[in-house]
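Scrolling down, you'll hit the structures one after another.
Below are two complexes that have subunit A in common, paired first with subunit B and then with subunit C.
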Partner chain A sequence: MGYDLPEEFQSKFKLLKQEYIDKLPQMISELSIAINDFLQDPTEESIKKAYTVVHNLSGSSGLYGYSDISKKSKEFDKIIKPFLEKTELPTEENIILVRQKFMEYLSFLQNYNL
Partner chain B sequence: MIIKPKVMIVDDEENVREVLKMITSALNFDVIAEISNGNEAVKVFREVKPDILFLDINMPFMYGDEVLEEIKNEIEATCVIMLTAFSDVDDVKKCIKLGATYFIRKDTSVPKIAGIVKETWQKFNDKHKGKSQKPDLHGLIQEVENDRLLNKYFKKE
Partner chain C sequence: MAPLELNKILHVEDEYDIQTVTKLSLETLGGFAVHTCGSGKDALTDIYDYNPDLILLDVMMPDMDGPSVLKEIRKIEQFQNTPIIFMTAKAQTNEIETYKSYPGVLGIIVKPFNAVLLPQEIKDLWRNHYGI
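After this line comes the complex of A and B, so read on.
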């Protein structure tokens, strides 16, 4: 069911993909700051910042062919979303779980070979 | 004169919207609205009445299925294509029951997305010209169930 996209599309898409690759370290750093802020002081603002980065990574990574990043991001997205929607409270137990899952996710991203 | 189908894109991620705009332009469709959240999507949908609506399922604050629930009685002339991530199986099924025409996983390759969009629109358009039968809802739900990778991931959770 594939479609032959024109040359112009291919070059523009290549540029967007390169932009994504270039921005990834910055996104990881932003995410790390936001999650650490949340773990130290779980405010609505800190969780919103973290969620935005994770959610963006989840969608765009898949589109650029990095479905494993997308999958991992989606998993972490599901862990922090309840805090954003306030269906989960940042209790001590929950914070420990977020920290543990975040360390796994961060390590995956940092060691990922693009 | 060829009338281009009017497209509305609803996704909170700018990257996704940009790539979809590029795909639809390559297919010679006309993007008339680009929206980043569900609340605004309902309002704009009613204003512009697009021929094709791309609707992301997982958006913060208002999900795509909630948007669809709001407009389900107004989408007869709109080809609704849901955009999904890995684990939205139940949401996809719900959206199809609410009247969505098809679904696309975001990790699908771009040429394949373009192919799916082109074919889905052609089938939808033919149906509206009375050329084909009613959509096979059961078949479509079965297709969601059979999405091997999607199910594999889902079972792990």
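After this line comes the complex of A and C, so read on.
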């Protein structure tokens, strides 16, 4: 942040960023539940939910300067999106691949040092 | 006829952090007034009272996506020409060109954006569009 930014902006942004850091473990937990629901029962609803949480994490993390979380989330977003758009079907083989990618993504998030 | 001066922005976005940071940025750094709606449905209700100069519209929302909200807004005579800026994480060129081609769309802001630069980005799109 530049030194000439208004104090009001700097202090509020700092507070929001801290709130985000505090709630990130909960967000990762919700993401994990949503992806597991999709992997276990890939309905239109579970796919949409999984896509939305990953998509939102990608956008919000980048906003607070966590570009590596944003980038990893965007990569996983691209893996789920074809299922949402129905250009890819949730076959057994595809689900195995998504699960593998998800485990890598989840491991990255859980070990991320904020 | 669009106003020459940009003051009131209606922001339509479902994600809490993006809502909050956008409002903070546009109000404290840009000097704009911002009204936030968490869904397209809310926007279609609040737009009458708020009467925005500009609508900042997220593309990907769960119940009604940005292009669908735009379509509904254009059905309201009063807001047929209200300028729109889409916000999207979709950085694919073809999708961006499609969004830009909608009537009254000033441009696209790609998420995640830099909160410090956002007000200027919006001012630039506004000025470029109206040639001011």
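Keep in mind that, in the parts below, the second predicted complex is superposed on the first by the 111 of 114 C-alpha atoms of A that agree within 3 Å, B and C clash if a C-alpha of one lies under 4 Å from a C-alpha of the other, contacts with A are read in each partner's own complex, and residues count from 1 in each chain.
Everything that follows uses one rule, which is that a residue touches a chain if its C-beta (ideal position, glycine included) is under 8 Å from a C-beta of that chain, and two chains touch if they have at least 3 such contacts.
Quantities reported herein were computed from a predicted structural model and do not represent experimental measurements.
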Overlay on subunit A: subunit C relative to subunit B, clash or fit: clash
Partner chain(s) touched by A:R99 [first = subunit B, second = subunit C, both, neither]: neither
Subunit B versus subunit C as contact partner of A:Y20, first or second or both or neither: both
Touching partner for A:L84 - first (subunit B), second (subunit C), both, neither: first
Which superposed partner A:G59 touches (first subunit B, second subunit C, both, neither): both
Which of subunit B and subunit C A:D4 touches, first, second, both or neither: first
Touching partner for A:K12 - first (subunit B), second (subunit C), both, neither: both
Shared subunit A surface residues [contacts with subunit B and with subunit C]: 1-2, 5-6, 9, 12-13, 16, 20, 55-56, 58-63, 67, 70, 74, 77
Subunit B contact footprint on subunit A (complex, rising order): 1-6, 9, 12-13, 16, 20, 51, 55-56, 58-63, 65, 67, 70-71, 74, 77-78, 81, 84
In the complex, subunit B residues that touch subunit A: 11-13, 15-16, 18-19, 22-23, 26-27, 56, 58, 60, 85-87, 105-112, 114-116, 118-119, 153
Complex contact set, residues of subunit C against subunit A: 14-18, 20-21, 24-25, 28-29, 60, 62, 89, 111-113, 115-116
Touch list for subunit A against partner subunit C, complex: 1-2, 5-6, 8-9, 12-13, 16, 20, 48, 52, 55-56, 58-64, 67, 70, 74, 77
